[in-house]
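Letters A, B, C and D name the chains as they come in the text, with residue numbers starting at 1 for each one.
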Amino acid sequence: MVCTVQMYEKPKLDRPVLIEGLPGIGFVANISALHLIRELDAKRFAEIRSSSFQDFAITAKNGEARFPINELYYHKGRMKERDLIILYGNTQALTTFGQYELSGQILDIAQELGCNYVITLGGLRVRERANTPKLYCTASDPQTLDKTLSLGAKKIRGQIFGLAGLLVGLGKLRGMRGFCLLAETPGFYPDVSAAREVLNAVCKVLNLEVDLSRLDVAAEATRGILESFGMAPPLKEEETKKSRLRWLI
Amino acid sequence: MVCTVQMYEKPKLDRPVLIEGLPGIGFVANISALHLIRELDAKRFAEIRSSSFQDFAITAKNGEARFPINELYYHKGRMKERDLIILYGNTQALTTFGQYELSGQILDIAQELGCNYVITLGGLRVRERANTPKLYCTASDPQTLDKTLSLGAKKIRGQIFGLAGLLVGLGKLRGMRGFCLLAETPGFYPDVSAAREVLNAVCKVLNLEVDLSRLDVAAEATRGILESFGMAPPLKEEETKKSRLRWLI
Amino acid sequence: MVCTVQMYEKPKLDRPVLIEGLPGIGFVANISALHLIRELDAKRFAEIRSSSFQDFAITAKNGEARFPINELYYHKGRMKERDLIILYGNTQALTTFGQYELSGQILDIAQELGCNYVITLGGLRVRERANTPKLYCTASDPQTLDKTLSLGAKKIRGQIFGLAGLLVGLGKLRGMRGFCLLAETPGFYPDVSAAREVLNAVCKVLNLEVDLSRLDVAAEATRGILESFGMAPPLKEEETKKSRLRWLI
Amino acid sequence: MVCTVQMYEKPKLDRPVLIEGLPGIGFVANISALHLIRELDAKRFAEIRSSSFQDFAITAKNGEARFPINELYYHKGRMKERDLIILYGNTQALTTFGQYELSGQILDIAQELGCNYVITLGGLRVRERANTPKLYCTASDPQTLDKTLSLGAKKIRGQIFGLAGLLVGLGKLRGMRGFCLLAETPGFYPDVSAAREVLNAVCKVLNLEVDLSRLDVAAEATRGILESFGMAPPLKEEETKKSRLRWLI
């Protein structure tokens, strides 16, 4: 099995950009993707489950069962906007092997829909909370890197774990361009400020007009999902270390 | 290999309900399934082995070798009863990946026999033993949840590990409905009281007429199987923690 | 890949008995198999490598490289003797999954050559060294168990790890009979006395005439193989515990 | 997926020799391969990624993203030189299983290009740094071993971890000859002296004329790659132990 995909619709898109929004440090990508989906009224067209996700069910506040899952949404660009594929979910795969398989599956779908550009988001852990979190980036190639640096981001030095790193890397092997954009965050809770910085930059580069005033609602929803996964935020640093996943390091 | 299935018979069933009865907290599901199989004289029609089961043989009291295995039984409903597929076994898979593969295999077989409804059972660990253990539930959808709540169960808050969680979750992705029913239990030994509460509710929802007076015989048999696996009950809490499996947490 | 088989010959055999002789507790099976191969002048007809073996090369005394491997030998029975397939090797698979795959591969080959009977050997760890180690057994079915008990073996209570357990178990699912025979051993070094008891019983049940006077030569060779694997015997108990494999428990 | 190969060219080679140059103890093979590639102006013809590599991206000094990868280069022999396939990369696979799959993939490609000879390189950890590191070797067969010993190498006693061991071992199962050549090294940093000894011997056996005066440039580049992987050399012994990979033991 490894990955099971349920396609609800095969949207017709014009060179869509894939935006990654899975849980990770500070839940920056997760908040950002959820906010984009809500504000753009993006439509879910695929669900992905993996044998490398957690083998448990979780329960929502209303008592219904929820499950570890990744979802793909699309947004047909209005006016100057680019078409988008937004990757959203409540988990990443638990193993290195599972992360590679999941990335491959997502890129297969994205490529079939004409995608050749990947943007991944995330948090860069820092000790102190900043009023205006700084942005950091890396990219698949010098041209894309220059474009990303022009958004006001600095070059990252270090490793980018999880799908934020893999999607750009495995995409490059397929001839796709892409960049990874991280915002500074202490990382122990869904970080609205960090998500705001990242979203501002993403909207700029994609000519998206998105109201960011309701960003805290997306963060609150993310907090609820975390709780149902048994990761009650705000997590204290010691607790995080005990049960941390690699993509939450 | 991963999973190997030996089918002894392909029964003709009318929209059978799949009931999960594998080892887990308090062995609630395990006792319940064994009791149903015996009282209904359900017939074994398939054996499943997985490369993710334990790689050892165990010995029965008579000296014969036994092996980690899952079995499927069927019961043709009498009168108003629904047809049943009962999943019984002496283990779950040892890895997350194995649990997903096992669930997929079981759902494949169940779906081929016309099943579109899954009931999973289990224990919910509590500190103190209750005279009448309370029931907790979650379900695939609001309608099924309402039906389950009407049995006197409360909504679960938390994770449901193992096949009790996965079968409902992966079933939902295939368009199957289902619920998970847990009874309070301290969880360190095969818990007859918890199994009784669960079975009472299951019989009610499925119009099954099953005598529960010999439930302790099924518990005793479960105890014997545990011993042969080197998990001598009653387990003390400390011992459990050392060697616990995730689906026994 | 998982398992790669190199077949050098496809021998014509008459209902051969598969004898397992891989490393394990006290190296009882390993010594026994090597001795049988040498005394019967059994012929190697297949090599098996698995992605679940150790990922290293080892060096022999003469400087040549050696590798983790399993081998199959055959012996055409003389007079009243049964035809044999002897499984020999310097390792078992390192993971549960690998053990199942390896067992399946070996049974595939054995079945294709007409085998429907499996004998697995091993050591049963005891604290004190006995002058005449006692034999213990389990079997696939009551009839085979009775036959094995008549050799003077007692019933085992407990788990039988590794291929000694799996080959009998997975063989049974394929309709093969078989038994597992263990001799008492402290288990920290290649144990000639335990191997002698096991071989005596095996020769009796298979009408094999094998001289056991050179058994210590096989034990010495086994010791040399262990050293090249970095497991210098005699191992002290503490050292064993640090680096023990599950099939050496 | 497991391994994904991107072939840029299928070179026509005459019985090429495969030279392994992946990271390992003292980065002896890694420096040697990089130096050969640069001095011989070898051409990259294939990239290999594996689901068993690290699931992260790394960043180069210029800010561009880099990824865990293995690469194959070829060199058409000039004059008396043999044709070469050089395996270079910034990682080995993280699991035993992954190492086997990676080795099988590389040997598949090499065999298809006519290769039947494998040379693997590496470091042999010693306590003290030697002025002229000694060479050690093992080989697939007595004839190849004699040839390697004649280079002034001594016989290794012990295990050879990683692809340095596996490529010779799995190659032998395919009928390929080969040897493994290790130089003494303390092992905590890219070791130019050890690489020089190894390269001298390799050049001698393959009639390669390669200038070794710029070997420290290759070592410096290797150091930069390590840093981007979060392994800042010179590593202190204690730090190495905490985060060591099996092929860096």
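Side notes on the structure shown:
The working rule: contacts are C-beta pairs under 8 Å (C-beta built on N, C-alpha and C of every residue); 3 or more make two chains touch, one makes a residue touch a chain.
What you are looking at is a predicted structure, and each value in this text was computed from that prediction instead of being measured.
Shared contacts of chain B and chain C, meaning chains that touch the two of them, come down to nothing at all. Farthest from chain D, judged by the mean position of CA atoms in each chain, is B. Copies chain A and chain D of the same sequence differ in orientation by 90 degrees, per CA superposition (steps of 5). For the touching copies chain C and chain D, the fraction of interface residue numbers used by both falls below half; the interface is of the different-residue type. Distance from the chain C centre to the chain D centre is 36 Å, each centre being the mean of its Cα atoms. In terms of their C-alpha centroids, the spacing between chain B and chain D amounts to 51 Å. In chain D, no residue touches two or more other chains. In terms of inter-chain touching, the protein chains here make up one closed cycle, each touching precisely two others. Pairs of chains that satisfy the touch definition comprise A-B, A-D, B-C, C-D.
Those residues of chain C that touch chain B in the complex are listed here as 96-97, 99-101, 104, 137-142, 145, 149, 155-162, 164-166, 168-170, 172-173, 180, 246. By the touch criterion stated above, chain A contacts chain B in their complex at residues 1, 4, 6, 47, 49-59, 62-65, 67, 94-95, 98, 229-230.
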